[in-house]
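Okay, so chain A shows up in both of these, paired with chain B first and chain C after.
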Partner chain A sequence: MKAFGITLIIVLISGSIAGWTAPAGSDIAVVVSRDVPIDDLSFSELRKILLGDRQYWSSNLRVTLLIRAPAAREREVILRNVLEMTEAQYRQYWIGKVFRAESSSAPKSIATNEMAFSLLNSIPGSIAFVNASQVPKDLKVVRLGGLLPGDKGYPLN
Partner chain B sequence: MTIRRRLLLSFLLILVLFAVNLVIFYWSNQKRQTSVEALRRAISRQILISGVNQNLNDIQKQVTLLSEITTETPAGGDAAGVAQFKAQLEKVENQIGELQSLSEPETRKNIEAFADAYRKLSASWRIFYENFGINQTKAITELAVRAEPLTQEVLQTRLPQLQADENARVDSASVNFYQVARLTNRITLMIFAISAAVAVGVAVIVSEQLTRGLTRLKVGAALIGSGDFGHRIELTGNDELTELAKAFNEMSAKLYRARHELTLANEQERMKSEQLETVVDQLRKAQDQLVVQQKLASLGSLTAGIAHEIKNPLNFVTNFSEVSAGLVDELRNSIKEQNERIDPKDRQYIEDILRDLHQNVSKIQEHGKRADGIVRNMLMHSRGHGGERQMTNLNPLVSEYVKLAYHGMRAQNTNFNVAIQEDLDSTLEPVKVVVHDISRVFLNIANNACYAAYEKKKRLGDGFSPTISVSTRNLSSAVEIRIKDNGDGIPESIRPRLFEPFFTTKPTGSGTGLGLSMSYEIIVQQHNGAIRVESEIGQYAEFVIMLPKPNSKAT
Partner chain C sequence: MKSLIIAATLLFVPAHSLSAQQQRTTQTETIETLLARIERLERRVAELEGSKVQAQPATQRTEQTQVPAEALHPEVAQSVSEGPSLKIAGFSDFNFSGSDQKGTKSGFTEGQFVLHLNSNLTQKVSFMGELSLTARTDAGGGMPPVTGFNAEVERSIIRFEHNDYLKVSFGRYHTPINYWNTAFHHGQWLQTTVSRPEMVQFGGRFIPVHFVGGLVEGAVGAAGLNFNYNFGVGNGRGSVISRGGDAGDINNSRAWLVNMFIKPDKLYGLQVGGSAYRDKISTGGRDFGEWISSAHVVWNRETPEVIAEFANVRHENLTTASPVSNSQAYYVQTGYRLPVFDKRFKPYYRFEYIHIPRSDFLFQSPVVPNLAGSVAGLRYDLTSFAALKFEYRNQRRDPGQPRINSGFVQTSFTF
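Here is the complex of A and B:
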């Protein structure tokens, strides 16, 4: 437990100085792996996924949440627009959820969008939030409330 | 069965019961230990599974939070961190190995499946940890693609299944433990109770048999001790008590025989003593009779001498008194012839003298005759009785002389009256007696009876009826004559002297005291009979005369 605590502190410090962030003003696209059988998500469904309340896409396809490390714009937009939480609140929320054993998995912190794209291709049921302008064409972008990035009223920007 | 064998068998039975109790005790202990061991193993597995669960949850949380919180950290690739993480995994693996060693055959398959799943999960976690912070993409991919499904399988399927199984096993072992405890306790108590009941039963039976035998012996010994030598102690079987009872019975029989012999000896001694007493009594009676006879003989001789000496002068007295009386009469007649020549005064004086003289002479004559009668009686008494004996029926004789006595008394006193009751045995056999002497006896006794009854009549007046009862009975060897009056009876103090000569209770001049003395002599000495008196003061006096039959011995 002591080793685990030390590791956790190191991780928290290192996470705060994560690398590249999305430029201000661009929309944040919701990207999923190709095996995810959903094209459109409501705002509340997105919120449930981010809070770990929805953990399966279908009966045998788990949700793997890929989210940029702290200080990235994508993470900031998600926390602010969807969850209305600060970074500390979000961390505290997931620590509590994991320790209460309410979830067997947690959001995976990723350092770069490229890494997200790579993981989206390799992890079935994964979902990531990246700058819409950087999304490769072979990835599946999910509508959010029927809106795609760039549409008027798209909530993640 | 002997008492020794009975006690040995009882002891052996109790030993067997003790052995059965020991076996049951060790069997129960073994059963309880087995059930406790099963429960302990189940609880140990449950604790191990809980420990595994706790450690896996810790690792899972560590991995989860590590993957969520950081992206680039040296912690994942840190050799010390990796070693520490691997140590955690090995610790869980060791716990699973221990769990496998404790597993039961029926749960071993599930534990093997769990161990396989864990090994895969452990391998996946190692890959994640080794690549975390170095090759983040590979680490997260490994975690998301392999580790998390395996974690879900291990923590949410396999491990809960194992926990449920072990909980069920603990519950089952616990229930089994209590059931075994109850069962063994019941069996132990039941065997103990049965053993106690059997032991008590054996003790009661053995003691009852002993007590019954001893009680019979005690009662029998008490009876024999109290003199009941005919008592036999009834005991069946072939034990020591029966042998003892036989010995008691034999002793009792010997004592019975000895007492019988002693009783016979005593009886013989008693008979001899009685014979001796009879002989002594007969001797004493004979001696008394000799004394009486000597006394009476001496008295008779003396009386005969006196009577003989008195008889002659008395004859002169009586004869001359008669002559004097005749002379007085002649003188009176002569004086009557000379009546005119005698002065009347002198004549009267002479007549008075003659009258007195005649009275004196008459008195002399009267008392002279009375003295003569006494002297004749005395002579008769002293001379003995030598009349001829002849076979006589005593019924008419006694009846006649009782009536004669009555009429004699009545001739002297016209006021005398008495009722005579007769109960004469018609079968009375004749006996050989001197009739004249026996008649005197009856007359003497009847005279006395009439006198006594009349004296009582004079005293009591009309309220008393004087009665004389006469009865006879024909006995086997003698005839019995009873003459009874209802007068005042004879006091006990004077009864021994009744038959002495000159003993009388009548006033002077009324009796000589020779009647009963003479009667005794006639009955006892002359006829070899017996005479006795029975009396109750104020009620009666009865003379009983026994006269032997001709062919019988003297009474």
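Here is the complex of A and C:
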């Protein structure tokens, strides 16, 4: 069991080193679970998902939004580039959204990219935003306006 | 092990990309998040040890991701499980006010204590409820003595979702024929100002604030316009016209409403819409036909914030022959989140107006008083979840009457 404890420490430390915040300048990939029937999202569609205005991929598949916890660069890039909100505005927006009964729950806060990868594999319809250089090959990266991370003009960096 | 994990984690908390003040705040939040997470993980480890589950080797990276997601993030597990998962949040506020109006006294008042309950019954069925406790001015009087607070079920809604285009719900709502009435509800912290515009005041009569019945709602892309709709059928106003028909309709004529608005992609932050509401009101032995038409324009980006609404309420006396009346109300509110001091300050101003013609027997003053007034104030966000507001009001009820000056201080918060 000690080995398991050590594993957890390694997870946390590796999260701190590699997954805690994406290095400045690196692109942020939009990653979805395998069952999401979409390969390309427009910038406005992405914004609607992040605002909870789009809650279904299809009638049978609900969007589950996974967002890195505060202080992560991934979250900072999403709030700044897509939502154009401060951290406080984002929190107030989602409290209001749930309070208005427009959404039954707020986005899930994820501590590390490793956790995001784990949840993407286990929650149908989930979508997360992670440092492009860390995305495992078995996960599905969605194009944003036809562009992938690393392409010229990719908007999430 | 806990201290080791904490020490190791703290060592690697990122120390770049934020200003010094933001860094302190975010690091504190991060540490709190981590501590909570570590506690959860330790509990999970203890559970696994108790059940003698074999730990997996620590050397293979891939095995880290095989830790069950539910163990790492219990709230996510809750959200995907099939069964009720009740969440409770709350709002409240405390106020101090003073006025030069004769007969009024300055002092503290306790705002509403609001509990918001939310539960996912399945992936597509959810319930939300809102309870309020409001301080009574007649507390302790009467026999048996009146309690200190009045309890009210403000909203109780069960919603069935097919997809984004179609959602059907039943319950007690805040009537969706007015932007403010559906955007801010009883959470004073959510709204910029101390008070709601008088046309949508709780307990007010200008528009029916509550609606008991069913709603069909949804949203479609509409080539980037993002068209949203609500169609509703319900009981309409009760015999006391500020109340919805909670215990049943007072006549056999249902109220219905239509609300539509757009949120264009190209103008992020803009919302433009309008509503229509039809009801038959039976009160005081007379019947009235009521038509409400309303419109709103909102720019909600905070730099600036603009909210403008207009409503016309048309009443026709169906019992005796009398002229049709049209009562009108509108308000325009602006605010601006200042870029300095960590964007914590937001000055605001609102002008509001209500006109009730003499021919409107249903609204004739003092049922719905006329109003022309201004509100100016400053909101200071103490934290992400609490605000302090300072507000000055200057109002006049009728031409020729003296203007009333009032001052308010409010702290409002969510918990």
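In the analysis below, the second predicted complex is superposed on the first by the 138 of 157 C-alpha atoms of A that agree within 3 Å, B and C clash if a C-alpha of one lies under 4 Å from a C-alpha of the other, contacts with A are read in each partner's own complex, and residues count from 1 in each chain.
One rule holds in what follows: a residue touches a chain if its C-beta (ideal position, glycine included) is under 8 Å from a C-beta of that chain, and two chains touch if they have at least 3 such contacts.
What you see is a predicted model; the values in this text were computed from it and never measured.
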Could you say whether A:Ile110 touches chain B, chain C, both of them, or neither, answering first, second, both or neither? both
Which holds for A:Gln134: it touches chain B only (first), chain C only (second), both, or neither? neither
After the superposition on A, what does A:Glu84 contact: first (chain B), second (chain C), both or neither? second
Going by the contact rule set out at the top, does A:Ala69 touch chain B (first), chain C (second), both, or neither? both
With both complexes superposed on chain A, which partner does A:Leu119 reach: first (chain B), second (chain C), both or neither? both
Quick check for you: in the superposed arrangement, does A:Asn157 touch first (chain B), second (chain C), both or neither? neither
Does chain C touch more residues of chain A than chain B does, or is it the other way round? C
Of the two partner chains, chain B (first) and chain C (second), which one does A:Trp94 touch, if any: first, second, both, or neither? first
Output check: A:Arg54 vs chain B and chain C. Expected answer is one of first, second, both, neither. What do you get? second
Enumerate the residues of chain A that count as touching chain B in its complex and touching chain C in the other. 1, 3-4, 6-8, 10-12, 14, 62, 64, 69, 91, 95, 98-99, 101, 104-105, 108-111, 115, 118-119, 122-124
Chain C residues touching chain A - in the complex, by the definition given at the top: 1, 4-5, 8-9, 11-14, 16-18, 26-27, 29-30, 33-34, 37-38, 41, 45, 48-49, 55-58, 63-65, 67-69, 72-73, 75-76, 79-80, 87, 89, 91, 116, 118, 120, 123-124, 126, 128, 155, 157, 159, 161-164, 182-185, 187, 190, 219, 224, 226, 263, 265, 268, 301-302, 343, 381, 384-385, 414
So in the complex, the part of chain A that touches chain C is made up of which residues? 1-14, 16-17, 20-21, 24, 44, 47-48, 53-56, 58-59, 62, 64, 69-71, 73, 76, 84, 86-89, 91-92, 95-96, 98-101, 104-105, 108-111, 114-115, 117-119, 121-124
Taking the touch rule as given, give the residues of chain B at its contact with chain A in the complex, in rising order. 57-58, 60-62, 64-75, 81, 84-85, 136-137, 140-141, 143-145, 148-149, 151-152, 155-156
Note which residues of chain A are touching chain B in the complex, please. 1, 3-4, 6-8, 10-12, 14-15, 18-19, 62, 64, 66, 69, 91, 94-95, 98-99, 101, 103-111, 115, 118-119, 122-124, 126
